[in-house]
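Next, two complexes with subunit A in common: one pairs it with subunit B, the other with subunit C.
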Partner chain A sequence: MAAGERALGAAGAVAFGIAVIAAATAAVEGLLRIGLLNRYIVPLPSEVLASFPRIVVEENILAPFVVTCKECLYAMLLVAVFGILTGTLLHRFVALRAATETWVAALASAPIALMYPLFLVLFGRSATTVVAMGLIAGLPPAILKTVEGLGGTRRVLINVGRSFNLTAGQMFAKILLPAALPNIFVGLRLGLIFCLINIVGVEFMINFGGLGHVINELAERYDLPGTYAAIGFVILVSILFLILTERIERCLQPGT
Partner chain B sequence: MPAARDLSGVAGAPSGSGRVAAIRIAIILVVVALWEAASASGWFYRDVIPSLLTVGRALAVLAVNRDFYWHLVVSLMEVGQALAIGGGLGIAIGLALGGSRFLSRAFERYLYYLGPTPKIIFFPVMIMWFGVGPASKVALGALSCFFPIALSVAAGMRQIDPVLIRVGRSFHASPMQMAAKIHLPAMREPILNGVRLGFGVAIIGTLLAETKLSNAGIGYLIMQAYAVFDMPRMYAMLIVLFALAIAANELVGRYAGVHAVSGS
Partner chain C sequence: MGAIGTEARPAQAMAPPPDWVLVVEDLGKRFDTPDGAVTAVDGVSFGVRKGEFLSVIGPSGCGKTTVFNIVGGLEPGYQGRVRIGGEEVRGPHKSIGMVFQEESTFPWRTVLENVSFPLEVAGVARAERHQRARRFISLVGLAGFENRYPSELSGGMRQRVAIARTLAFEPTILLMDEPFAALDEQTRLILGDKVLQIQQELAQTTLLITHNITEAVQLSDRIVVMTFRPGRVKRIVEIDLPRPRTSEIVGSEAFGRYVAQVWNDLREEATRGMAESEIGALSRRP
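Entry: the complex of A and B
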């Protein structure tokens, strides 16, 4: 493997990965065509590929795609605002942090997604339920990582700020926040993952709104190639949001 | 261990730990008062926010209900199997990716992109592959926990101190000895961290699948309570489930020596 690594390099490795996936897909296609795999259980990969334009035209999937993106965006904006604010508050008041940080960590490990029937009762079968579920799931990592980032600011930077007689607001904006940004973005990315899982999950479970709803509909109609293609769109949403957070992070920290 | 560090820091101040306890009690009292006020206000549909006494009563009823324990065991078995299958595969793939830069470059990006995808959307596929019984729930749980465990193990493998590996080689350790004496002890934290994250998503995946299509398990019971609008019972089951998940997570976290949400 080591010789292979040296010979092929980074681009070769990427090409190798693509080739293996293409070969595996071709193998599944072949096994399905000769009848070794059941076409009623696994659709032909070629049919799945052909379904992408079909579900765009027939299912008008771009509309639910936008709905899911919007719900994710709203939930993430709320996560960013409330997560960073709460994290800053907990950083500022040490006793409050000591009293509640373990509770927030516990909330991060709780299966919040299972609360969706409760949210259905509270907010009805609406986008509010979906966004609220995303918000609650995304908050704990954003809060914890903000606290961790602000608390990890190097003492020398704080001393520099003090030597310039910075006000509390200036100290936060010029010293603490920039130093904590890498950690905050880790929290936001983790929050995004939890957010997305809950948003699409709830859409799927309550058969409402964006891509989760479409997947449920297609599955109930036994349109397997369409179901697989719609799953591809969900993967696309998660990739888009991951790239978006990375871009924002790079814009805010040009040196990274 | 930020929480522990902070607690000790506060405890250093006069009556610091007492102050923390007072804040905790105050927060609990405020939440209880707000809850009871909301319950009595009539702003919500009847029973949407039941009084805590009613929820407590439902918890007591649940505690002596044999059926509940049977459903709990069903869910725990499914989650356990999911963790064993998904975790085992995750550790194996993580070791392979972490041990080879070539394989990591070739395949890790796909795990990275598929990891945040909500796994519940694969449930229709799992039903087609494994049927409507427990196997499809186990499969969804395994799929859910595979990604965080694989990515965590791969990252942990790459972070092993090269000095430790050189020490092992200088003692002419065999591959088995290297794995047992160097790699696995050095990776205890990332592996347990991955298992901890994986455990959480395995519970979510398995129980969400139960709420969608099942006739056994806690997810099924939650949907039953929702269907007959038995809100106190639903709250009671959510409380039990959250307590179990948090306790199990804390247990693994203590063993791993970690206490905060880990970054990716």
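Entry: the complex of A and C
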């Protein structure tokens, strides 16, 4: 009964979400049709929807979609490895944390996408540049939330570990890291957002494959419905990765 | 004093008898606070016999948890000595298993995984540790809940998981800090029964830190009554109630007399503690 109610609740939430999006889309459509919004700047949502099959066929958007997904995946894997590692070091060494935490936080708000010329010099006009910029953009939240998660481990859980004579390695692997995982995944999800924005942004600016490149080309042709439809594919990448991180988190933390 | 076989005697310096597995000698601990140094405990001495259930009771702020942390090896920088089986210990010791006041199960592990945790870190093979863990899960009355997560259990059940996990460590001495403090009175009595049953079945030497008189009398062979800050041993009360016991003992006349006796010892300390807390609160008002 409870499981049934939960399933019904979840289905209801999804239905409500879809209804909200449909209502907002209908509102924009209405505002455009009565002339309150400019059709030369914002295309009709109905036209955007209609252009989805067109850009799949004519622009072969699935290939750049896969390219962006791959770049995002590589960047996110690197964000996870380096973010958790750096966060752990900052948690472990208090002086290091005091010296760098503010800078890491400041990095999160820096317009990293504008540093693309530097990365072009370092890595050339390649996917490495795109991934590297995605990595740099995604790192700060992953680092900061790892530090927060490890530091926020309940004292009693640490004391349980100490009472069982855990080594430092066991304490980290069996108590600190699992306890910090919910925070770490929040950091990874935030990192994913920054990462994807930068990846698509850099693809757009250096015209090197991926969805950013397609958006650039469609915008250059003033194909507004196609541009917005391509942006829809970027949102799809984001949704896929958010679902993926949620699944991984649920696998790692089944009871929470 | 002396009612129904009770032996109550003032604290005194002790030469540890050979059957004492845990000896606490002249413990002292000071904490530096913004309001100055506070002596939490001072000159606390007692011993626990093999298979005995000993409770330490006192008003809030008497340093009970400090004693718990020192004996468990979690509190550094204290005076005095803690000896287990004649060996002086200065840190967490394999002979001591601790059950904490706060909810301490690992939410990401099932009941079975929680209880088998100490065996896992000790390197016991999966099949064997699960088999051993199941025994302790059954002992605390949670058979059938092995694959549940703590979030699916009540507070009392979670505390039983924590107790089973500590028992799976197979400690010589079970050290518990107000393990039922967050539970309602009925659950507390029922869990008290369960603890009694386990303690009697395993002949488990147990040191319980509590502020609950009923719980202390229900479970203990002896009760160490502590003074308000600085915590000192005011009196050690022998509880001469028949064993095996159950929570039915709570309704007996003898039980009531012991409760009254311990309360007589505690009342003055609790009143002093309350008065000092109020004075402290007033002095901190802007």
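What we mean here is this: the second predicted complex is superposed on the first by the 209 of 256 C-alpha atoms of A that agree within 3 Å, B and C clash if a C-alpha of one lies under 4 Å from a C-alpha of the other, contacts with A are read in each partner's own complex, and residues count from 1 in each chain.
What we mean here is this: a residue touches a chain if its C-beta (ideal position, glycine included) is under 8 Å from a C-beta of that chain, and two chains touch if they have at least 3 such contacts.
Keep in mind the model is a prediction, meaning the values are calculated, not measured.
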Residue contacts with subunit A in the superposition, subunit B compared against subunit C:
B
For A:P140 in the superposed arrangement: first (subunit B), second (subunit C), both or neither?
first
Answer with first, second, both or neither: which of subunit B and subunit C does A:L190 touch in the superposed model?
first
After overlaying the two complexes on chain A, where does the subunit B footprint on subunit A coincide with the subunit C footprint?
none
Residues of subunit A that touch subunit C when the two form their complex:
154, 156-157, 159-160, 162-166, 170, 174-175, 178-179, 181, 252-256
Touching residues on subunit B, where the partner in the complex is subunit A
2-3, 6-7, 9-10, 16, 19-21, 23-24, 27, 44-45, 48, 100-107, 109-110, 112-125, 128-129, 196, 200-201, 203-204, 207-208, 211-212, 219, 222-223, 225-226, 229, 231, 234-235, 238, 241-242, 245-246, 249-250, 259-261, 263-264
Contact residues on subunit A for subunit B in the complex?
1, 4-5, 8, 10, 13-14, 16-17, 20-21, 41-42, 94-102, 105-106, 108-111, 113-118, 120-122, 140-141, 144-145, 147-148, 151, 183, 186-187, 189-190, 192-193, 196-201, 204-205, 211-212, 215-216, 219, 224, 227-228, 230-231, 234-235, 238-239, 241-242
For subunit C, which residues count as touching subunit A in their complex?
72-74, 92, 94, 96-98, 100, 102-104, 106-110, 117-118, 120-121, 149-152, 166, 169
